[in-house]
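Chain lettering (A, B, C and D) follows the sequence in which the chains are written, and residue indices restart at 1 in each chain.
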């Protein structure tokens, strides 16, 4: 029963098949191949507007390059204090941006609220002594598995626009959010004011493929240059493009995400008394205390503590291909704690 | 009655005289002049140990270059959330360090407590995902005018050493701290574990002179290079050196700081009912509410609000040459609020 | 007849098979998987000494992270003016190093000679005004397809060591060099004084896998941190590791490189009158003039001009899987120019 | 007889007097003081157009901040291989710009010719692999003491504009150039297409004051932020402003420069047989060979070798206050070499 991470899972068969299929013939290098050339159209169709898309191989690269294209070195990025960009990227946004500052706010379920943004803005008026808030970055789904609703996104988008902040979404698990909400990708992005989206595929069944989606194609040159300079322009671009196209085709991305979300709901039902965050996507947070966590581990479950060591809290992540039997066994184990 | 800042004051006559005296004859450029060459010895005597000293013209430069010499780009600097390096330098530490991260802790009177350091350390164990805490930086005096005692410093020094953190002190108002405590410069620096000190003179009577004091001279080459590369190696170094030597000679630095501290005490006595921080140096924080602050301004007082607009709180700074009459007038005005 | 680049070729079947084989079961994320864990041993065996190995997906990333681990921001990297790091990486070494400077030297066949290194060193003695030369970086094979002999490497290694320069080799085509010389990987690296090697696999049959080989494992932490921070730590590390292991196993890497080298020799023989550089690896440089290049293109050949437009010079690259028939057809076409 | 540098001289009495005069009363900090507020108007009058002016204390800071405001991190700055920004600033432009690349061209008397710019542009068309040339930077006077004529400047300006390059002039000795040419500051700057000028005062009689002159005031915010972040916003700004205002007032800057230029002509006449560059400003380059240089030193002359050690070439710099007697003695000494 391994619920450590959705990064430990394999690549979906449809995606692996696409990689193999791409392995034939000559293909122009550095993104000039036919598969890569199809990405802009595929994403533009998906998002119902013209977008520019840039593949990279990690979410950290996607987030950092996207943010660096939107924030000057003396700028600030407002984000949640538990955000991946703040806690798990070893300072990549600072590196790519030339030393911009993450401005950390608090909020339940790792969500950023418009009021928290406003409060942070109010504290940064002393130009040129303070950095200039230049972007808002949120994670959808959040680091606590929560999902921003369309209304929440629109409110944040309005706040960002009013303050001239670029609005970035770290969508490492964007598929899980779309699957969870009765809303289109467009509604959960540019229609809510999102300027830049890190569109993840790796956790949800790809091998190694993430896309920076720029809703304003004018950002293209800056992103192209920063990607190259970061060492993220693949010479044999066809393989990552093949992954992403297969991921989007016939709705694979949403099917895999919906499956994981549903299984997480099952876990959530079993863990109801111990839930430390609402179960809205493929992550389940429980806080039964250290002793109970030890019991779960003794019962064969693998997972990570959350928020540090010995907090009594843990995270269970359901992967796109998690076996149902494994989920059911975990539910049974959780029931023993009641 | 102008209590806005100690940056609005003039240069002390002793220091101006030294600048003029330096204005004769040929002097080698870029710090090879005789005055600059005397600095290491002067500071080594003052601190009772061999130090390497590097002049710059602003506190921001001193702090940033010192920290960059101690922290890798993937490092973190633990500091108070109100620290000058965090709030007032437009990201200079991030710029000079190549994107290191400031790890903000809270604490009364803008002081960092060892427990807060330990707590931050505990949250940064996920190498290489999290940045690596590499330095502790405090302000002495703090941004709230408080002074770390010898025991407090020693405890922080021990915490830093145990965690392999470089210990930096932003001493823009170090003179005020030394004047306030019955302790030597050595006791308030390397004897307490301090590795790097930004030793300020500008606010306390110089024209434009700040020193980076490195208690481990092995840091010299890195500081020398970073200073040059930051554009802070003065071609005609004699003038800044002359300021600093005059500042140290015959205890001018302590006399000026003690005078300002004493006048601040007088203000503190008058403002006792409204004090929002203890008066331990040359800054006085009051929180009588917005209406009373308006009354003070109507009475002719100049000062800045603190912590944002309309907080009802304000800061009064006493400069090295603040007129006693001005302080007394302000005391009288404060008394009207009781 | 497509001789544009070895980046346009597919992935070798052995490597693709390894990728598929890796696509089963749970694997720890971020390089803690079993395949990645085998890399250090595999490379240590190959190089006959203990090395630390770090996978990335592009040569630009390998070069930049390796150099940044060896050069301070105020350092200089001595390299050939035609080096890939100088001309083709959009400033990635400057980005990763925090602004170090590439110090460009000239030399026949894109080779750096010890005398050129010495000359550059002599021009950088004005500390702290000039940057400090801190690394020597060469390409093996060079950007002109030439190969440094063991003696040439040893001489450069001695020059580097004497000047306290780290010695880096951009080995995007290291396999072609090893295949061309009767020398072991050890002899062409650490035994000649090399400290850091970018060991390429992508051009020679991998999908996307390059290794930073550190001959001093003490560099590990810095490389680990810079890789993470650059967004180059793959979450699902197994796939890149599988490629690299398959590449090394049973000598695939050398077989593929030797084949390409041999076919290039065939082209070289046909192009003898027009050769603008010796044919020592899988690249052939010819300078028959613009008219003859036009004739070759009219005859169905694809290739890039070299050194700018309308120089009358061109580069022909033989890929690992270039069809023999294609090479023979090209030879016939070249013969028509005589 | 000390001709080592114009950085070894004192501060002109008019300027020192202005510094003293500024040392009275309260002055707003961080450039909000009355003297600093007068700078934009003073420079706008001098240059006959609206400019935005930013004081810093070193030429390295002026050059680096100006260039960083004009060049993205993936950009290139075309400059002469002997330029101060290339050889004498320890990588400051790379640091401030976030890793932009200096693209070095050759040219007689350290001048950049339009053809050399065009040639460099032609080598940087491979986007995004090559950096993007984004600025042209020249030194007026050059590092060889030469002066660009109005026509030469206009040709460079046209070349820059055609290629969308920002045009920067390192005017550490701009006064000497204006004094040497029968042209106005406007003619030698924006009328020739110059966008950014580092206007030096320190070498020519100030204590420590250099101005970034932006002919497009829209660049202001970026320069303001970069200056602050570089630690170059002086808290007590009045003293540097006082220097600069005194420097400009009643033509002091041109008088001092003209005097130095004239004395250099005298030296040039005496050194005619050994001149290695035309004498057009306050620097004289001679190449009499090592033995003759030794004779000059034996005769009591101080100066630096040029272009490395034992080149047989030397530089003689005439300072604003060089004694005529000293110049005459040097002329006599030079005459002994004939």
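Quick note on the criterion: a residue touches a chain if its C-beta (ideal position, glycine included) is under 8 Å from a C-beta of that chain, and two chains touch if they have at least 3 such contacts.
What you see is a predicted model, and the numbers here were worked out from it, not measured in a lab.
Taking the mean Cα position of each chain as its centre, D sits at the greatest distance from subunit A.
Of the two chain pairs examined here, B-D and A-B, the one linked by more C-beta pairs in contact is B-D.
Chain centres here are Cα means. That of subunit A falls 41 Å from that of subunit B. Averaged C-alpha coordinates put the centre of subunit B at 50 Å from the centre of subunit C. Centroids built from CA atoms put subunit D at 34 Å from subunit B.
Residue positions 30, 73-74, 89-91, 95, 98-99, 128-129, 225, 228-229, 233 of subunit C are each in touch with at least two other chains. Looking at the complex, you find that subunit D touches subunit A at residues 30, 72-74, 98-99, 127-129, 132, 222, 224-229, 233.
Residues 73-74, 87-91, 94-95, 97-102, 104, 122-123, 125-126, 128-131, 308-309 of subunit B are the ones touching subunit A in the complex. Of all residues in subunit A, only 2, 4-5, 7-11, 16, 19-20, 23-30, 56-62, 64-65, 89-92, 95-96, 202-203, 207-208, 225, 228-236, 239-240 touch subunit C in the complex they form.
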